[in-house]
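Below, chain A partners chain B and then partners chain C, in two separate complexes.
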Partner chain A sequence: METSKYIKKKEQAFTSTRNACKQCSPLGSSLAFKGIKNCIPLIHGSQGCSTYIRRYMISHFREPIDIASSNFSENSTVFGGAQNFNISVDNLIKQYNPEVIAISSTCLSETIGEDVKKMISEYKAVNKGKILPELIFASTPSYAGSHVDGYHEAVFETIKSLSENKESNDIINLFPGILSPEDLRLLKEVFLYYNQSYIMFPDYSDTLDNPSWDEYKKISDGGTSVEALKRTGSSKASIEFGYVFNSSAQTSRIKTQVAYQTAAKYLNEKFEIPTYSTGFPIGIKESDAFFNLLNAITGKETPEKYLLERGRLVDSYIDGHKYLSGKKAFVYGDEDLIIGIISFLSEIGIKTVLCATGGESKILQSALENVLGDRFNSEMIIGSGMDFESMGAHMETYQPDIMIGSSKGVYLSKRHDIPLVRVGFPIHDRIGSQRVKHILYEGTQELFDKITNALLEKRQDDSEIGYQYM
Partner chain B sequence: MGTLITGRVGHVVTKGLDTHDLVCDKPSIAGSVSQRACVFCGSRVVLYPIADALHLIHGPIGCASYTWDIRGSLSSGPELHRLSFSTDLKEKQVIFGGEEKLYTALCELIDHYKPAAAFVYSTCIVGVIGDDVQAVCKKVEKEKGITVLPVMSEGFQGTKKDGYKIACDVIAKLVGTGDDLPVQPFSVNILGDYNLAGELWMLSEYYKKMGVQIVASITGDGRVKEIRNAHKASLNIVQCSGSMIYLAKKMKEEYGIPFIKVSYFGIEDVSDALYEVAKFFKSEQLEEKARQIVIKEINQIAPQLAEYKNKLQGKKAALYVGGAFKAISLVKALRMIGMKTVVAGTQTGNAEDYKILREICDEGTIIVDDSNPNELSSFVKQTGADIFIGGVKERPIAFKMGIGFCDHNHERKIALAGYAGMVNFAKEIYETISSPVWQFVKR
Partner chain C sequence: MKSEKSRYIMPDAEDVKQEILQKYPAKVAKKRAKSMVVNDPEAGQEIQANVRTIPGIITQRGCTYAGCKGVVLGPTRDIINLVHGPIGCSFYAWLTRRNQTKPPTEQSENFMTYCFSTDMQDSNIVFGGELKLKEAIREAYAIFKPKAIGVFSTCPVGLIGDDVHAVSKEMQEELGIKIFGFSCEGYKGVSQSAGHHIANNQIFKHLVGLDDEVKGGKFRINLLGEYNIGGDAFELERIFDEVGISLVSTFSGNSSIDQFTNAHTADLSAVMCHRSINYIAEMLEKKYGVPWIKVNFIGAEATAKSLRKIADYFGDTELTAKVEAVIAKEMPEVNAIKDVVKKRSEGKIAMMFVGGSRAHHYQELFNEIGMSTVSAGYEFAHRDDYEGRHVLPGIKVDADSRNIEELEVQKEDEKYRADLVAKKTKLSESGYRFSDYDGMMPEMKKGSLVIDDISHWETEKLIEYYKPDIFCAGIKEKYVVQKHGIPLKQLHSYDYGGPYAGFKGAINFYKDIDMQLNSKVWKMIKAPWENEPELVGSVAYAEY
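So, the complex of A and B:
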């Protein structure tokens, strides 16, 4: 596929990043840690990191998001942050009484060479005899990769530090990747319909979308329990969603020998638990792949409910196809999410002319080629490590009919008068971000309806006639 | 108060119960979930509204990503401030230095966007990796012929308030470098209004009607040229004193420009803000015009306010805002619509303002410095507040506790300053408190 226009950051006109299409690594790790039951995340660095990340996540999830900070000062930067670390852990235990304190590093603590793992073992040694929460650490310097990499690093480190190989069981581990709380609920429902026990991690379906409370809770209900996380080492199989995972952190590092792994691959190497990787189940083909995988692992058949959903989805594809054929899309966001969306768009006659991500895995194009096969559009511009201003410049050339991505592209949508269908993270300008469905037949149905209706609405708005039937 | 962790006790007083002075102006305690941000944030929010300047953030991506279009600071012209520029440092630069990347990035951006000046913000790791940002700025300034100012705002250096000071020092470098704006006898600068929801425009209108010229608004709807000429004004009017008092003091020292502290929130305070200016210029004409404006505006809104007061009488508010000066105004404004402030807290209030806050609050009011969600939620519960007034980070606390919320921070889209703003404020409070949704929540 030599003809495809693969654009790397260095080939862009600007050295700087102008309106980034990514967030930093500790945001991703904190998101993953929010999926642990009774856990308080701690960011080892300056105060601003936790506050900014909290504010950014609160604007999306509209939930209380407590993330503590070890509050580096000038002194801790010069002499090290061990004292701040110890005080932080003490204070968190006192305030929150958590089962887990999940620590992320920052660019600052990494640059000054903080050894957080050593701090953890020293803290444990000093407090020997006391019942302590689990202390988990993910190395998440923001100069290596993006929020996506921080997320996967946190998932990997959590599993690495907690998983145990005991008596083997009939459980399937599921590592879903960055999806909405509603998506996670859809996945849990699948396992219910299969009557199959599972451990999903991270599970922030409740912690980041809690019901209204009668009493204020210091830590939101929900999340994957420590006990379950321990059991992941004895499961019969692991499923992970994604093709790219945290490969950006690897490519942006100088020492590429740093072994980056996913949680599922770790469990496979350590405890020989079979790992099945499949893409984000968006669209019919990628959803089929997931259900086929489940059928193969469980020896069961796709439950009737999903066959009906699939049938209705196909029916709607047919109903809507005339509104969609030949339309051009611009898709941006996290790499694994956009792979799923582009695959889905290729099923309904929408041509993706431009896809862009802040990630820099260097494997986005090959992943797209593998997933799409002969559906791969070799004319498509693939922007890796791309920012919104560069995307804007390409939009002039390729004139898409619709944009699909986070709310951060809204200014381009306004500037070019192109409808935007909001998916992924963040969605800061609409309500219900935590309930956006992206996956399985049901989520695809929602996406399909949104995209088709956005195009219809545009057509209706642009027309002077004011058709009552579209 | 069982919820307080060690070291936090002094930061909370209940008026009438506690006798100790409120502890403030301290770094946040390690392991707390402080609602404060960092030094960088302080500098960034102050300089951000300067709309024709380039704002380049030197560091890894996070700091730029989280501050992209972060404030609703409106501009009547250029909108360069709404773009987020970052050097997006990677491991390579962390090891080998980021000066070269900064230099190239800066030159390209200046060539392309032709800004009136450039600000380069240092983030946490910049000092640690040894980049000489000042030298790069100087070099580019010389080559490109525009002012390039380093903002040494490494996050760990202190609190958000230290960031304000750093930003003020940077602005002070611009002040006095221009002499190309004609200045009238009654001329002022407005310091510390950030033109959220176009509030500055409302206030400017009052002053213009009085016959007062605004030389520079620092920094709401800010322009480099105006700031360069700011030394030519006769008076500095300082709102949001927490962020801008340093600049006011500095301009007094350097240019002999006196300043007055004002607030534009609430009828009392906004009226004072107009009268004080007239009084300063010792002009009967100004005073008369101020009086006309005040009477006209108050007459216009009085019936609506009376109606809201009727409906809101006796309701209790918890407020948690940036600085104590704003908290003082809010306590007064709430009182005017019949409401009682039961919790008044701020991120970065100073001793002087806290003293006044304590004086004007009712007995039993909890006053708190640098609080966190655990404390705030327990205060709300303890006091039975009906509404929380704060920013985005406080919103979920209010909603999860089943009480109303009013955004009095960066993200507000409705003007809350001035006379019309007072009505908007009352309306917003009434609407959230009286919404039918609360019937489904147990409180």
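So, the complex of A and C:
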């Protein structure tokens, strides 16, 4: 397909990244690891990595987030970090008594060639006879891929190291991708309404969105338990959300992985658990696809609740049509998230003129074409490996009416006087980032209202007459 | 009206300390014991500080890069800070410290809202990233035509051996603007403190002393260690303006690099954050003869005291009169608010674990509203910030600190201010104190608990024992402490409020603390049925 203008940062002759649209991979892996019950993430590298990543996640989630570090010194860069690794694991066990210590590497430990898997087995050998927590490792050098790749790497490695094939059961595995805690709660509710047992991983719906506490808890409640993670190898099916997953890391990684895999695909290969992939369920079409899939796997019908929600959503599409038709959007963020959002926008008559991501999967365009079908806007600019400054250069030409993405687009939004609807990660200039709904009919409804109202507000603000009825 | 806290019996700090240490393995306990001191201001105690954090203990500390790029260079608006490394480092330091800036005109440069990175990929790690760095520098120049570009090394850069200094030099020759590098890899040093030192060195080496023009103003000072968090610098600039003191430079709140190049023409350096900037203060004196004094503009009383100290240095009656007039003008409003807040805050207790000077300075503000600080400590300070500069000669230099270059600075005869040296000698004789900082411990009460580089476990124990009314730290600690049911005041970013410096800042602070102390929300944590007597519950169950 040569119709759409597929661009890459590189083709625009920019070497440097100015105002990036991605974070580093250990952030993504730490996020996924926060979805394990009774787990403490550990970053093998300088303490700055853990401090910065904590700082960033905390400003989004507004929750305590403990991520330990093996605190490399200059010595460790020369002689290796094994000693630091051992001390930190010792200390974490003593302080937290966790069931899982989930380790991510950094550009530092990867550059000097640390073999963390070997350190884990040596640690286990030395401490033979003791009851140890599960030690899981994800390789996440930040020079390969982005936070999205780190996230999927962590999900994959967790499943790979824990899943077991025992007695088959009636459970459905769900691998939801990077969503908000509220989104994860919506998904759990679906399974309740279907009366269907499930294992969702990662599940940070509680760990990263706690209620207030009477008494302090060292490790927040919630998360997918080790026991459940083990059972994922015996489930009757896996559902995974996404089209792109961690394929950015695959294209850039020199240190070749055996094969690029997701957790669901691993379970399929290893234990022959059927895998069903579908996009982030945003908008009618993609949400329908998810419910269709559930109906097919469970042999049940879509619960009444969701039919009503769907009906109300379509009804609001009708009500809002006059405000939205022909409007132009600029959507940016994680690839799988923006695919879902663009699909939704195409349902309500908003034309996405510019879509951009910091990821570099090379399959964003084909994924969009597949999902959108004849709704695919061949004039849309698709920017891969983009930063905000490169995006800004296109805004003059394409004059979008609305921006949809993280807080990091705020400078462009101000510079061009275009309303910004905040979705995804990070959102640190508004409250409620944990509670942003993106998915299913309910989440789409919230997005729909936000987008429509942002456009109405802009119209009202810009009007000299001051309309009361819009 | 006294608050209920005044009736509360304070735990014995020594007991708390022993209780905390008990749970540590013997080796860790031995190490941590030296970093925890039950304060006796008269005793000249020693505290262990600026030593490496134990791996796996969750620390407040950041890395060398954070101190260099984020803290010292971050607030300067017209230098492009290009981070050479994978994307995370630059992204996470993207204006996260919330320092503000006010370019003089709309057309003036301000690069602070940008996050520049070479975004290294694995091929750069394998084959080297120097070419990419050069390209990135050329691009930054082509687009922005900045006066200066700073290049910051991150962990992998040091490991693969990219020479940022050589590249910078080459690019400086090619492009004809100031370009220099910082070897601030995250693994160097024990905390961001090492990064401060590296930043001080490079700024001094590459910028200070380039512009000899003595610009206007009668009383010309440098303000060092002020970073314009929440607009602090704007309030201080307002005050200096009113009393007629000219700021030659600020390191580095609301600053431009032109100020740095001109700093040696000032008549005095006033140091706020001793930890992060004392190196430049010392080097300015050694090379150019500009003396420095310690000041503190956090707290209304402290502000008045510091203004008077500066006025005393100049010994000009007109300036002294103006300073007194401004203090007299500002204090009634400060006192009016203070008195209202004090009724609700008096007798309450605070704790603060933050920074390299904030844990000291903010005690002043709490004192003003009748609150006492029962426990405090720094995140990345050294012994001199706790005990005073007199301990400097005795501080052991360990392997981590030895990595950080100590610049050899020589007196520059042509620009050396013999007049200022003479002035210093004369004033010193009459008891005026230069180049001195007494540190935090002598000013804290006897029996208070001083803890360096506090860990999570220690924080939890302190809260359990003291039940403070407010805890001050940063965003990483905020929600941990608040889940204990105790409000936390962020003293790095001010909870996105501020300014807190100067007179207007003190008012803001009183009000913000009042708001936090007296919030009703904490009482809502328990639902009413959770508090009902057990009997009611058992009767209800009995019906089934």
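Rule of thumb we're sticking to: the second predicted complex is superposed on the first by the 465 of 470 C-alpha atoms of A that agree within 3 Å, B and C clash if a C-alpha of one lies under 4 Å from a C-alpha of the other, contacts with A are read in each partner's own complex, and residues count from 1 in each chain.
Rule of thumb we're sticking to: contacts are C-beta pairs under 8 Å (C-beta built on N, C-alpha and C of every residue); 3 or more make two chains touch, one makes a residue touch a chain.
The structure presented is a predicted model; accordingly, all values stated were derived computationally and were not measured.
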{"item": "Simultaneous placement of chain C and chain B on chain A, clash or fit", "value": "clash"}
{"item": "Chain B versus chain C as contact partner of A:C107, first or second or both or neither", "value": "both"}
{"item": "Partner chain(s) touched by A:S197 [first = chain B, second = chain C, both, neither]", "value": "neither"}
{"item": "Partner chain in contact with A:T51 - chain B first, chain C second, else both or neither", "value": "both"}
{"item": "First, second, both or neither for A:Q399, with chain B first and chain C second", "value": "neither"}
{"item": "Overlapping contact positions on chain A, where the chain C interface meets the chain B interface", "value": "14-20, 22-24, 26-27, 42, 45-49, 51-56, 58-59, 62-74, 76-77, 84-85, 87-92, 94-95, 106-108, 111-112, 141-144, 146, 210, 212-214, 216-217, 252-254, 358, 389"}
{"item": "Touching residues (chain side chain A, partner chain B) in the complex", "value": "13-20, 22-27, 42, 45-56, 58-59, 62-74, 76-77, 83-85, 87-92, 94-96, 106-108, 111-112, 141-144, 146, 210, 212-214, 216-218, 252-254, 358, 389, 408"}
{"item": "Contact set on chain C toward chain A in their complex", "value": "25, 28, 52-66, 82, 85-94, 96, 113-126, 132, 135-136, 139-140, 154-156, 158-160, 186-188, 190-191, 399-400, 403, 456-457, 460, 463, 474-476, 478-480, 483-485, 525-526"}
{"item": "Of all residues in chain A, those that touch chain C in their complex", "value": "14-20, 22-24, 26-27, 42, 45-49, 51-56, 58-59, 62-77, 84-85, 87-92, 94-95, 106-108, 111-112, 141-144, 146, 210, 212-214, 216-217, 252-255, 358, 389, 411"}
{"item": "In the complex, chain B residues that touch chain A", "value": "3, 5-6, 27-41, 56, 59-68, 83-95, 101, 104-106, 108-109, 112, 123-125, 128-129, 155-159, 373-374, 377-378, 380-381, 392-393, 395-397, 399-402, 440-442"}
